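In what comes next, subunit A is part of two complexes: it sits with subunit B in the first one and with subunit C in the second one.
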Partner chain A sequence: MSNAPAPLDNMDLAMPTPWQQSWSLAKRHIGLQTGALIVLVALIWAVFAPWIAPADPYAQDLANRLAPAVWQDGGSWAHVLGTDGFGRDVFSRLIWGTQVTMIVGFGAAVISGIVGSTLGMLGGYLGGRVDAAVIFLINVKLAMPGVLIALSLVSIFGGSLLSITIILSLLFWDRFAVVTRTATQQVRTREFIAAAECSGASRGWILFREILPNIANQIIVIGSLEMGIAILIEAALSFLGLGIQPPTPSWGILVSEARDTMFFKPHLIVAPGLAICILVVGINLLGDGIRDITEPQGRN
Partner chain B sequence: MWRYFVKRLGIAVLVVFTVSVISFGLLRLSGDLAQNLAGEGATQAQVQDIRVLYGLDRPLPVQYVDWAGRAITGDLGRSLFTNDPVFHLIAARMPVTAVLALGSLLLAICVALPLGVFAAVYRNSWIDRAALGMAVFGSAVPSFWFALILIYVFGVQLRWLPISGSTTWWHFVLPMVTLSTMVMPQIMRLTRGGMIEALDADYVKMAWAKGLNPGVVFFKHALRNALLPVVALAAVSLGFLLGGSVIVESVFSLNGIGSLAYESIKRADFPVVQSILFVLSFIYVLLTLLSDLINARIDPRIRLH
Partner chain C sequence: MADTTDACREPILSVRNLDVTLKTAIGELHATRGISYDICPGETFAIVGESGCGKSISSMALMGLLPRIARARADHCLFDGQEILSLSRRQLSKIRGNTLSMIFQDPMTSLNPVYTIGDQLTEVFVRHGKGTRAQARDRAVFLLERVGIKNAAERLNAYPHQLSGGLRQRVVIAMAMMCSPKLIIADEPTTALDVTVQMRTLALLSELQKEFGLAIILITHDLGVVASLSDRVAVMYAGQIVETAPTAQLFADPTHPYTQGLIRCIPSYGEPHPDAELPTIPGMVPSLIGRQKGCAFRNRCPLAFADCAEGDTIALRETHGEHAYRCLRPHDALMAHWRGLHGEPA
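Let's look at the complex of A and B:
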C-alpha cells in the first residue's frame, strides 16, 4: 500500500461483482488457502496416483519386508516410508489410498447432499404434511446408531467402493435436510419467490432455479463437513475389517495392517493416520473458507 | 405443558416403532437365514426344517409382529450362536459401555464447557484460537488411530496406563479420552457460539448497565441461556457415544455393547444385531425426550410453542 492517493478509475467506482468480492476476500483468507492447497494436493495424488507413486502398491517383495524409512538406519529413497509386512512400498500405498478416500468421501457427500437437500427443500417450501414427514424421517435417522448400521450393511452388501459409498451416504443426509429446510423457509418469504409464483413458475422451477442458488453456499459447507466425516468413517470401517477390503490400499487398512508392528515401526501407523487428519482438516478449512467468502451478508 | 408432553411422546413412540421395523427389515436383507444357519453341506430338507423351527417360513409381517410382541415384554429372542437369551447378553455388556459413554461425556463437558466460555469471553485471544484449533483437530482425528497413538505413548513408551481390558478404573482412562474427542469439539463450539450470542444480547447489556460484577453477568445471565442447546446436545451425544463406542471398544478390547455388536455382525447373528440396534435407538429416543422435557421446564418459551 502506498500513501499516495490512488488514481480513481472506473473499477473503483463501479460496484464489484459478487465474484470479484469473493475473490478479493479469498486472497486474504489464509484458512481457505491452506485448505485449498491440501485438497488440491490430495486431488493430484488421487488422479495421478499411477504416475506419482514410485512403486506398484500391490507388488510384494518378501525378501524386503519391513524395510526402514529413509530417515532411519539403512533406509533408502527407493522406499521413502519403508515397506510393510509384505514388502510393499508404503509411500505408494499411501498415495493410492488417496484415491479410495477421495472417491468414497466425495461420493458419499454428493449423494447424501442430493438426497438430504431435496428432502429439506421440499419440506421447507411445501410445509404442512410434507414437512411433518421430512421431520419424522430426520428423527428416525437420528435415532439409529449410524456406525453399527453401516457395519451391518457392509457385512450384508460387501465392501466394494460403490457399496461403501452408498451405505455411507445413507448416514449423512440428515444434516443437509435440517439445514436446507431452515434455509428454504427463510428464502421462501422473499419477494422474488412471490414474484415467481405470480408469474406462474412451476414448483420445480421455483425449487431449483429460485431457491437452490440462494442456499447453495450452505449446502457446500455441510458438504465439506460431511465429506470429512465420511472419510473418517470409511477409514474406521476399513480398519475394523468391514469396509474396503484388502489388499486395496485404503488409509484405514494401512493403519490396521501396521497395527501388528506398531511397537517397533510406529511410523507405519503415524503416516496414514496423519494423512487422514490433514486431509479432513483441509476439507473443513476449505468449506469454512467458502462459506466466509460467499456469505451474502459479507458482501455488504 | 401436558399438550406438549403428549405430542412429544406420540412422536417418540412412532419413531421407536419405525426404527424397529427398519432394524427388523435390515437384517432380513442378508439373504436366506435358514441356509446360513444350516451351513454349507445341508440338504434341502434340513434347511426347510430349520426354516420351520425358527419360524422363518411365515410371512414377514407375521414374523415382525411376533418379534415385536415379545420384545415389548423384554424377550428379545436367543442368539443363533451361543443360544443365550439376547436380553441377558445385552444386559451383561451394557455396564461397560454405559460407564465408557457416560465418563466420556462427562470428561468432554468438563473440558469443553469452560473452554467454550473462556473462548467466548476472551474472543480472538490466544485461548480462543487454541480452543478453535483443538476443535478443528478433534473433529478431524480418526478415533481408532488416536486410540493407537495413545496406547503407544502412554501404554508402551511411558507405561503409565493399562491398554486393554476393563478390570480397573485405570483401564477406562485411555478409552474415555479417545471417545470424548468425538463429542468435545461440538460441545465447545456450541457453548462458545451460545455464549457469544448471549453476551451480545440486550439482557446482558442491561446487566452490565446495572453495574453487576462480571462473574454474575457471565455465569448467571449469559451462561444459563447459552446452556439450553448444550443440554440437548449432551443427550444426543450420549446416544451417539453408546452406538459409536464400537471402534474404541475394539481397539482397547473392552467387552461392551459395541464389541458385542461387532462380533454378532461378523457372524451374522441377526437376533443380537437387530436387538442392539433397537435397544440403542430406544435409549436415544428416551434421552432426547428427557432433554426436551428438561428444556421445557427450564425455558417456558418451548412449552408454549
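Let's look at the complex of A and C:
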C-alpha cells in the first residue's frame, strides 16, 4: 500500500460561501425585497420621526380641527393627511406612531422568541420530564384566551409602552416553543448531534452551538409572524382604549380616535389602518424571504 | 464460563458480560446478552452480524449514547483503566473525542451543515485542551492531507455540502483522529459510501491505524470488510457473540452454523457455477423480548436437535487458539457439516 492515498479530491474550490449564496438568492427574491423595503421605510420613520414629521404630533390647533387632506377641497400641503379632532397633524402622528408600533412589535417578538425558543429547545433536546413540563406549559398557554388575558393584565398594570411589550411577549411565546421543540427533535436525531456528543461537547454547547444555528431560520419566520401579530394586538388594545394611552401617537390610537369621524372623514381611519396592514405584510414577506435564502445547505 | 480473552496483557478496552436492555411497551428487550471481549492496543476488532443483532447498541453503550429507555450493565467495562459505564456526563466528556472517538455510518449527516469543516475539526482539539486554535488548524491541515485531501488549508473553509460523500467520510475520519485517540469505534464506516470509494476508505483507515498505533472496533455487516481489515472477529447473533476468532481462522474454519451460513452468503466473483442460486439463511431473527432459552439460532439452524432448546444459554467453548464458539455440537461435527456443504467428503 502506498503511503499517500489515491486522491479523490478534484473538485474546484471556487464554490460560493453561504453569504454569497444567500445574496444571489436575495437578488432574485421579489417578496424579500418588497418586505425589506417596507420594513426599512418603517424603521427610518421610527428612528428619524423628529426630523421627518412636518409638525409636532402633540400640538393642538383647535381653530383648525378636522382640516381636509391635501387631495380634498381646501386641503393644503401643510397638513398632508389633514388634522384630527384636536387639530393635530395626522401625518406627523402617523410617523411618530411608527416608533411605538415598531418598539412593541419588535420587543414582543424578541422577548417571546427568547422565552419560547429556550423552552422549546430544552424540551425538544432533553425530552423526558423537562419535555413533559414544557408541553404542560404550552397547553396551559393554549388554553388561555390570549387577548382577554392581555386586556385584564393591561387594565391591572396600565398601558405603558413597557408593560404592553412585556404582556404581549409573555402571551405569544407558545408558537416559538411549539415550533422550536419540533425542529429540535428533528435535528437531535441527526448524526452530527451524536457525533458532537462523541467528541465531548457539553449539553449547552450542543443546544446553542449545534442545534440553534440549524433551527434559527425557522425561529426568524415565527418571529416575523409574531411581530405582525403583536402589532395587530397592540393596535386592537389601543383601539379599545386599553393599550398605549393617548395622547401618545400609536397606530391603534389613531384608528380609535378616527372612529367618531369615520363616516365623513374616512381617510383618518384608512391611513393608520393601511399603515398597519402594509407593515404587517412587509414584515411577513421579509421573514419568509429570510427563511428562503438562509436554509442551511446539505440538509437532504 | 469461558471468556473471549486473548494473550494481550494490557487491553485498551476490556468488556465483561455487557447486557443492554431496552424497556419497551411489551416487555424488556435484551439487545445484548453477556458480551465480553478485550481489545489490544493497535488491533482491529470486527463485530459482524445482521441488523438488530446488537452490534451497534453495544458500542453506543460504550460511548454513553444509549437512548433513554436503554440500560447497560456489565461486570466491567474498562477503557484505558477507567470504568466507563459509571462515569458522570462530565467525566465522559473528557474521554469522548479525546482518547475514545467514534466514526459514524453516514458522512452526509455526521457533519453539522452550518459550520465549515475547519470549525468542526479545530473545535474538538481546542475543547480537549490540546492547544490553541492555530495549533488546531495546523493539526487539521496535517490530518486532512494525511487522509488524502488536496489543498487542505483552503478546504478548511468549505462547508460539508460542498464535499462529496467520500471526502466527507475522510473529514470525519480526520476529526476522529484530531486528539490522537487510543481507540476508534467505527460503526459501519463505509456502508453509506459508493463501492468504489469503500475500499479506499478502508485502506486509509488501516494505514492510519498502523501509523498512529490506534485500536479500532469495526462494526459491520459486510464480511468482505471484515476480511480485508480486521485482526480478530466476533460474530454476533441475537445479542450474543456466537463465535470469535482471528480473522483468517474464522474464514478458514467457520465453526458456528450461523457463521457458516454467513460465509456461504458471500457472492464470489468468478464462481464455478455462475447460474447457481446464492444460498440464504432461512427464517428470521427471533424476538429479543423476554428471557431467551437455549440457543437463539436453533429455529434457523440445519444442525439443531432437542437439547438446543434446553438451558438458559449455550456456553461459549474454545477450540484451539483464540477460537471460541457457542454451540452444543462438537467441533468435529460442525466442521464435517461445513465440508459437506461444499460437497467434500464428510
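By definition in this document, the second predicted complex is superposed on the first by the 283 of 300 C-alpha atoms of A that agree within 3 Å, B and C clash if a C-alpha of one lies under 4 Å from a C-alpha of the other, contacts with A are read in each partner's own complex, and residues count from 1 in each chain.
By our rule, a contact is a pair of C-beta atoms (placed from the backbone, for glycine too) under 8 Å apart; a residue touches a chain by one contact, two chains touch by 3 or more.
Given the structure is predicted, the values throughout are model-derived calculations rather than measurements.
Of the two partner chains, subunit B is the only one that A:142 touches; subunit C does not reach it.
When the two complexes are overlaid on their common chain A, residue A:242 makes contact with subunit B while staying clear of subunit C. Of the two partner chains, subunit B is the only one touched by A:228; subunit C is not. Once chain A of one complex is fitted onto chain A of the other, the partner contacts of A:281 are limited to subunit B, with no touch recorded for subunit C. In the superposition on chain A, A:18 makes contact with subunit C only, while subunit B stays out of contact range.
By the touch rule above, subunit C contacts subunit A in their complex via residues 63-65, 68, 89, 93-98, 101-102, 104-106, 108-115, 123-124, 127-128, 147-151, 154-155, 157-164, 166-167, 172, 175, 197, 200, 203-204, 206-207. Across the interface of their complex, subunit B is touched by residues 136, 139-140, 142-149, 151-153, 155-156, 228, 232, 235-236, 239-242, 252, 255, 259, 262-263, 266, 269-270, 272-273, 276-278, 280-281, 284-285 of subunit A. Remark: subunit A residues 1, 3-11, 13, 15, 17-18, 127-128, 190-192, 194-203, 210, 213-214, 296-299 touch subunit C in the complex. By the touch criterion stated above, subunit B contacts subunit A in their complex at residues 11, 14-16, 18-19, 22-23, 26-27, 29-31, 136-137, 139-146, 148-149, 152, 156, 236, 239-240, 242-244, 246-247, 250, 258, 261-262, 265-266, 268, 273, 276-277, 280-281, 284-285, 288.
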